[in-house]
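Below are two complexes that have chain A in common, paired first with chain B and then with chain C.
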Partner chain A sequence: MDLFLQQVLNGLTLGSIYGLVALGLTLVYGILHVPNFAHGALYMVGAYVAYFTMVDLGLNYWLAMIAAGAVVAFLSVLCERLVFHPLRNAPPIHDKIAAIGILLFLEAVVQMYWGADFRRMPTPYTEILHFGGLTIPAQRLLIIAGAFGLMGALHLYLKKTMTGATIIAMAQNREGAFLVGIDANRVAMMTFAIAGVLAAVGATLFAPINLVYPAMGHLLIMKAFVIIILGGMGSIPGAIVGGLIIGFAEALGGFYISNEYKDVIAFALLVVILSVKPTGLFTKGVR
Partner chain B sequence: MLKLENVDAKYDSFKALDNVSMTVGQGELVVLLGANGAGKTTLFNTISGLLKPSAGSVTLNGEDVTGRRPSALVQAGVVQCPEGRKLFPEMSVMKNLVLGAYVHRRDKAGIKKTLDHVLEMFPILEEKKNQAAGSLSGGQQQMVAIGRALMGRPKLLMLDEPSLGLAPLVVKQMFETIQTINREGTTVLLAEQNAFAALKIATRAYVIENGRLVMEGDRDTMLGNEAVRKAYIGA
Partner chain C sequence: MDRLMNFFVSPVLKWALLVLAVVFPLISDNEYHIYVMATAFIWAIAVYGMNIITGYCGQLNLAHGGFFAIGAYVVAILTVDHGWAFWPAFIAAGLAGAIFGFLVGVVSLRLKEHYFAIFTLCVGFIIYLLLEKWEALTHGSLGIINIAPPEGFGFVDFTETVPFYYLVLAFLVLSVWLVSRLSRSLLGRTFLAIRISDDLAQSLGINLMRNKVLAFVLSTVYAASAGALYAGVVRFIGPAEADVVHTFDMITYLLVGGIGTLMGPLLGTLAITWLTQMLQSLEEYRMIIFGPMLVILVIFFPRGIVGGFLTWRGRRLANKASQQDQGGESQASTQTSGTPGADKQEAGNNA
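Presenting the complex of A and B:
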């Protein structure tokens, strides 16, 4: 039983990070119809910014997280302005190619400056907590609390503020949004900034129990796409639930089936769920 | 207040508006008659800034607004209630209305006042205010759409086929509402296929065919015109 609970906890940790990353991806897709393959690279840049803010500048973990959020949000908006905005009337394939271009560019730049070494990010939260038979590293608790806290904050922002409402409005009816006077550029920049913050915070939370290296975003972005397809493209609850499903499937599958195959499980699950429900789990409303 | 001069609009190489010139005066209720595909919606979207004219100019109260962005035009008081309503289906009725006042978002007291007025005009929306807009009947959704447009405090309200798909009794109420809005001082440009009902409340009317304005006249001239009666009234 304890072993099972331990896996549930691992699944929750993984799932909350996957959810955060997928949330940014699904927001951008649902509102601007851009499949942002560069999102994984933004996540990677977030981890590097946090790492160097802590190691080189000697600032604490939380300041590093804020720095990562700010830098990546800026970078994300810059991608929108310089790349996706000029392509807004181009065929969708151009967005895809451009996004892959940004991904390769960011990786190359990071590798040029900081090399391809694997780095371990320090964290001030190294205690191991014990609850009954459960062993819980404090960083994992922080990941779960941080991720869900941020999701809650995003939910409030989207539901309670006027700016948040414009983002939802744009997703539900683009032309309707224009006709009430919502500025498409503002919403686009806002959405990219939010996606950037989610990726950077996700990276800063997850990096201490993982490694920091230029290709760290690859598998994650693949899984994030699996998650948003599974949850329904553009769906916010879909991204969160989808993230948790993949997180749990990996943790439990990795433990009970085979650890070598844990990355395959996400994709196998995608095949199974899409054959039962081809439109994804939550497809209401947004495309 | 609104003046179009020699406006052309294109979808790729297809010319959807051809040399359109029209005026809408302060306080008027101008009806635009035309069959499906004649260019009514294209004309509206061009005035709203969703579509950029390929030639010609649009002026609003003497100021050139050709090619401005939709948000700038809403700010200037040109608000469209589009065909097909274009509501935010999963948001509540109240949220749809409040978003209609997006350009006035800093003016909380003003929003409250307009909202009260809209709810007074459509009391049923008060009852349904917490329901998702997409769950309402067609007639109620049309009320939300008109209400949302009114929340933008239009100087010129453009209504694109508001009677489309509504029951006859509801259509009658809809036209009464439009007349009320006009009498309260809002200039109205109304596109309709329901020519008789629309002309009855109109000041003037234009007829559009294949992207060209082919006829213009005041209410009585249009109602008495043989060609209009044959083509659009069927009597």
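Presenting the complex of A and C:
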């Protein structure tokens, strides 16, 4: 039983990180209908910025997180302005290729500056807590609390503020949003900035129990895509639920079925689901 | 000027290129250059496959590198572990490409646009993971060494660079010829119709699923055959062949040359390969240049070198035609102004 609970806890940790990254992806998709393949690279840049603010500048963990959020949000907005905005009327294949271009560029730049070595990010929260038979590293608790806190904050922002409402409006109906005078450029930039912050914070939370290296975003971005397809592209609750499903499937599958193949589980799930239902689990119609 | 332009779209250019390719090993005394050229030709074959599904049919397939690796692994496993000769293994690789392509295609092509791209990205990754983890079959992350080279006949020995170069060249010419036949056939037109609009194509009575799967299987057979040749020349392969980076490289080749054009894949592959060779020290960081280049290309030159040239030529011809008609009835000029699109299409199929 304790082992099972331990796996549930692991699943929750993984799921909350996946959820954060998938949220950014799904927000961007909802606004621009761009599957942003570069999102994983932004996550990776976030981890590197946090790592170097902590190790080279000697600042504390929270300042590093803020720095990472700011830098990645800026980069993300820059991508929107320079790349996705000019391509907004191009055939859909073009922005996918452009996103791949950004991904390749960011990875190459990081690798040139900081090398391809695996690095371990330090964290001030190294205690290990015990509840009954459960052992919980403090960082994992921080991940869960941080991720869900951020999701809650995002929910409030989208539902309670005017700018948040404009984002939702544009995701629901583009033309309708223009009709009531919503500035598309502002909303797009805002969305990309939020997506960037979510990715960077996710990276800073997750990096201490994982490793930091240039290809760290690859697997994660693919899983995030699986999640948003599961949850319906553009759906915010879908991204969170999908993230938890994949997180639990991996933790439990990795423990009870095969640890070797645990990374395949998410993709196998996707293949099975899309074979049965080509529009994804929670989508209402095909876009 | 006009004669030069016509030369570029005439079959003469293709023959000239072929002659150039045939005499290349005779004028170049650097064996390494011939080797680079031969591997570039192999990649070009794979890119031609990608052009069928992505260029003509309009579906961005991100598992192409995975199918390349499947071809390479079939040859490697059959020749090393089961003692097959290269040529039977080569045919088996092509068949494996077709079978896996069919299976993946039937499932993935029910999905549209973004879903298809994401799905194939995941398929590519599953292929990579399986090659790395399934040690009993694929030797795991160590890779497979001592793959049998293609058997020669008579005095011809394909383990030497120059004969191998001609072998690959022959396959390349065959591939280009097949694609050029394809693009002019009804089937090629059908693919183009699907690229332009699924719904329109369907309303013309085109069976979307059957044609898309056919295009997909053709492309995976190209990829697997290219992978098999690659295994024959490099003679050592590992799971890294299935890395998504190779797929991204192929997209770059395709986009630089001109997506959906006949000579684009070849020109793009050769241009980028030699550019990379010249910037050898940059090999690892080539993406710092190629990444932004991809972005700039899709924003400003989405049709690549060949497509860009054809567009420019089409516009020029149209301008000239409308200038000549200036004095004539307005009806005629509206008619000719309608032609550049058709003209471009025509040229696109011939170039």
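Here is the rule we go by: the second predicted complex is superposed on the first by the 279 of 287 C-alpha atoms of A that agree within 3 Å, B and C clash if a C-alpha of one lies under 4 Å from a C-alpha of the other, contacts with A are read in each partner's own complex, and residues count from 1 in each chain.
Quick note on the criterion: a contact is a pair of C-beta atoms (placed from the backbone, for glycine too) under 8 Å apart; a residue touches a chain by one contact, two chains touch by 3 or more.
Note that the structure is predicted; figures quoted are calculated from it, not measured.
**Student:** Comparing chain B against chain C, which has contacts with more of the residues in chain A?
**Tutor:** Comparing touch counts on chain A for chain B and chain C gives C.
**Student:** Of the two partner chains, chain B (first) and chain C (second), which one does A:L87 touch, if any: first, second, both, or neither?
**Tutor:** In the superposition, A:L87 contacts chain C only.
**Student:** With both complexes superposed on chain A, which partner does A:K96 reach: first (chain B), second (chain C), both or neither?
**Tutor:** A:K96: touches chain C, not chain B.
**Student:** For A:H218, using the defined touch cut-off, is the partner it touches chain B, chain C, both, or neither? Pick first, second, both or neither.
**Tutor:** second
**Student:** Based on the superposed arrangement, let me know which partner A:L78 touches: chain B (first), chain C (second), both, or neither?
**Tutor:** neither
**Student:** Which residues of chain A touch chain C in their complex?
**Tutor:** Going by the criterion above, the answer is residues 29, 33, 35, 37, 82-83, 86-87, 90-98, 100-109, 111-112, 218-219, 222, 225-226, 229, 233, 260-261, 263-264, 267-268, 270-271, 274-275, 278, 280, 286.
**Student:** Chain A touches which residues of chain B in the complex?
**Tutor:** Going through chain B, the ones touching chain A are 48, 50, 69-71, 74-75, 79-80, 82, 85-91, 95, 98-100, 102-103, 105, 148-149, 151-152.
**Student:** For chain C, which residues are in contact with chain A within the complex?
**Tutor:** 54, 58, 60, 107-108, 110-115, 117-119, 121-123, 125-126, 129-130, 133, 244, 248, 251, 255, 284-288, 290-295, 298-299, 302
**Student:** Mind listing the chain A positions that touch chain B in their complex?
**Tutor:** Contact set of chain A toward chain B: 162, 165-166, 168-169, 172-173, 175-184, 284-285.
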